[in-house]
Amino acid sequence: MTPLAKLLEAALFASGRPIPTDELAALDEDSSAAAVAAALDEIREHYDVEGHGVELVEIAGGWQILTRAEYTEAIERAQLAARPQRLSGAALETLAIIAYRQPISRADIEEIRGVAVGGVLKSLHERGLIDVVGRAEGLGRPLLYGTTPLFLEHFALRHLEELPRADELAIALRVVASSDATPSPNAAE
Amino acid sequence: MTPLAKLLEAALFASGRPIPTDELAALDEDSSAAAVAAALDEIREHYDVEGHGVELVEIAGGWQILTRAEYTEAIERAQLAARPQRLSGAALETLAIIAYRQPISRADIEEIRGVAVGGVLKSLHERGLIDVVGRAEGLGRPLLYGTTPLFLEHFALRHLEELPRADELAIALRVVASSDATPSPNAAE
Amino acid sequence: MSATLEAESTRTFIVELDQFSGPLDLLLTLIREEEVEITDIPIARICEQFLARIHGLELSDAAEYLEMAARLLRIKAQMLLPRSQDDESWEDPRAELVRRLLEYQQMREVVDVLEDRSEERRNRFARGWLPADPAPPSSPLALSLPELLSAVDRVLRVATRPLLHDIVPRALDVDGAMATIRAILSVRVMARWADVVRPNAEPWQVLSALLALLELARRGELKLVQVRPFAVVEISRDAASEAA
């Protein structure tokens, strides 16, 4: 590829929006409008002839590099199938604190975890695993969080009391680790 | 380019972040890991040989397409994209200590740097470059910090082991102490 | 020195201080400038240079520099103590400082590497235009009870015990505060509360400073004077103890 074509390719790749022809021309003062047009042709042809996964497209009075339509489906499918999303360690720990200490305020969760949990609370809320269940008394009357029925559903729990008590946790962990299967919810009672 | 290389290129173009190797492999279930590696090689070589404005780089356990450094200035001058701000010296010193000594407590970082680091830790945490990875035993059970995958991305590192080993530094250190020369920071490849 | 000149020099000093990321950085710079070995620091000379650099500084901003000044003075004094030629048990008072300087310098080496790498990365752009995320936020969630329980376990391991009370993160450091105050009074005749406690000091720092002041006053090392209720407390060297 010619030096101008390489420069245009880098700019088109880095830009967050389609770039109009006159802005592309401003990239290199020594190049004429005709040279820029020729370089754009060169890029487009190169992508087509060499068989790239991307193409150069003219959109809304500007130019943009886009992935070819035939691959978007595979990419989307991979993202969807991208194995069901896991919660981050931070999200799991926050969820665990809420499950055991509900109703609990954000400040109390932050005190236990030692870090800000605003973002994590938001994403747990968006996923429907927690909800606002009330307000505390006292200064500022902070929101209190608790788990939702969806939370129980996810863990195949009938009610919160099915979670092992803190002092039984070590035993429960050993049992769960050895069976490694989702516990069938027909233990006691 | 081969069909698999085209698919990978399309996926890499569609992402602003490095894509982990296993996610690339998930794009086409019929392709082996070796085939994916070969296709990545093919893309990288094609970009280099054909002289593209972009290149394929291995970062943070994945792959990412980035513009070549020689075009950065022109792109920034044309205001098509902006470089991120540099980190302060205090932030870099703190990151360096955390990268090598993780998990490490605030008090231990302050002991090495000789200054309070509360504000720096907060801003590094907000930028997502460090995270709390645990608590130490002992009085006050202080929080322990470590670096994040975003740290690797920020410094274009494939993994932490790419930083010079501590014993390599110690050798360089003795040389510096006697010669007064600034060590040449050749990043280990 | 006239008031304007003094203000002038204070200002230039603050500008200069910004070049250093801390007392160890300043110390290392002095060692480089003097072209001496880290492992064999001429402590009297370096100490003098260090004090000269921080002299006239806005003291309330420089507690960490003053702490280092106090440390250097202490080492200097220890070096002057007489010792017999063949005393095997003699420990170099500079040893701890040397260890810290070497460790600090090693870290600065890593900073150079990181700076290089980040510059390299800053000079490349990632893809700017990104398609809207095709995956709706309701992509299936992988959650298992074992995962949740191990999270509980992690929280319990990590949480301060007992959960309801937070342990004070840092104990008082009265000795440190005393060293700081002594260092301030070694460069200044008189100081105020604001000089010994930084404006954004944490409660433990305020308490440490207060206890340190009372202790030093009790030992007769300094005098605390308040001309009238709610006036600024003046902290000065005790003339009597100094004469002694």
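Points worth noting:
Per-chain residue numbering starts at 1, and chain names A, B and C are given in the order in which the chains are listed.
Keep in mind that, in the parts below, a contact is a pair of C-beta atoms (placed from the backbone, for glycine too) under 8 Å apart; a residue touches a chain by one contact, two chains touch by 3 or more.
Please read these numbers as outputs of a predicted model, since none were measured by experiment.
With centres computed as the average of Cα coordinates, no chain lies farther from chain C than A. Nearest to the common centre of all protein CA atoms is the CA centroid of chain B.
We define each chain's centre as the mean of its Cα atoms; on that basis chain B and chain C are separated by 29 Å. If each chain is reduced to the centroid of its CA atoms, chain A and chain B end up 20 Å from each other. Annotation: 40 Å between the Cα-based centres of chain A and chain C. For chain A, residues that reach two or more other chains under the stated contact definition are 10, 13-16, 65, 67, 72, 75, 82-83, 113-114. The multi-chain contact residues of chain C, meaning those touching 2 or more other chains, are 125-128, 130-131, 158-160. On the chain B side of its complex with chain A, the touching residues are 1, 5-11, 13-14, 23, 26-28, 46, 50-54, 65, 67-68, 71, 74-75, 78, 80-81, 125, 131-132, 135, 143.
Every residue of chain B that touches chain C in the complex is listed here, in rising order: 13-17, 57, 64-69, 72, 75, 80-81, 83-84, 86-87, 89-90, 92-93, 95-97, 99-100, 107, 112-116, 134-135, 139-142, 153-157, 163-164, 166, 169-170, 172-173, 176-178, 180, 182-183, 185, 187.
Against chain A, in their complex, chain C makes its touches with residues 125-131, 133-135, 137, 139-156, 158-160, 163, 166. Within the complex formed with chain B, the residues of chain C that make contact are 21-25, 32, 35, 37-39, 64, 68, 100, 102-118, 120-128, 130-131, 157-161, 167-171.
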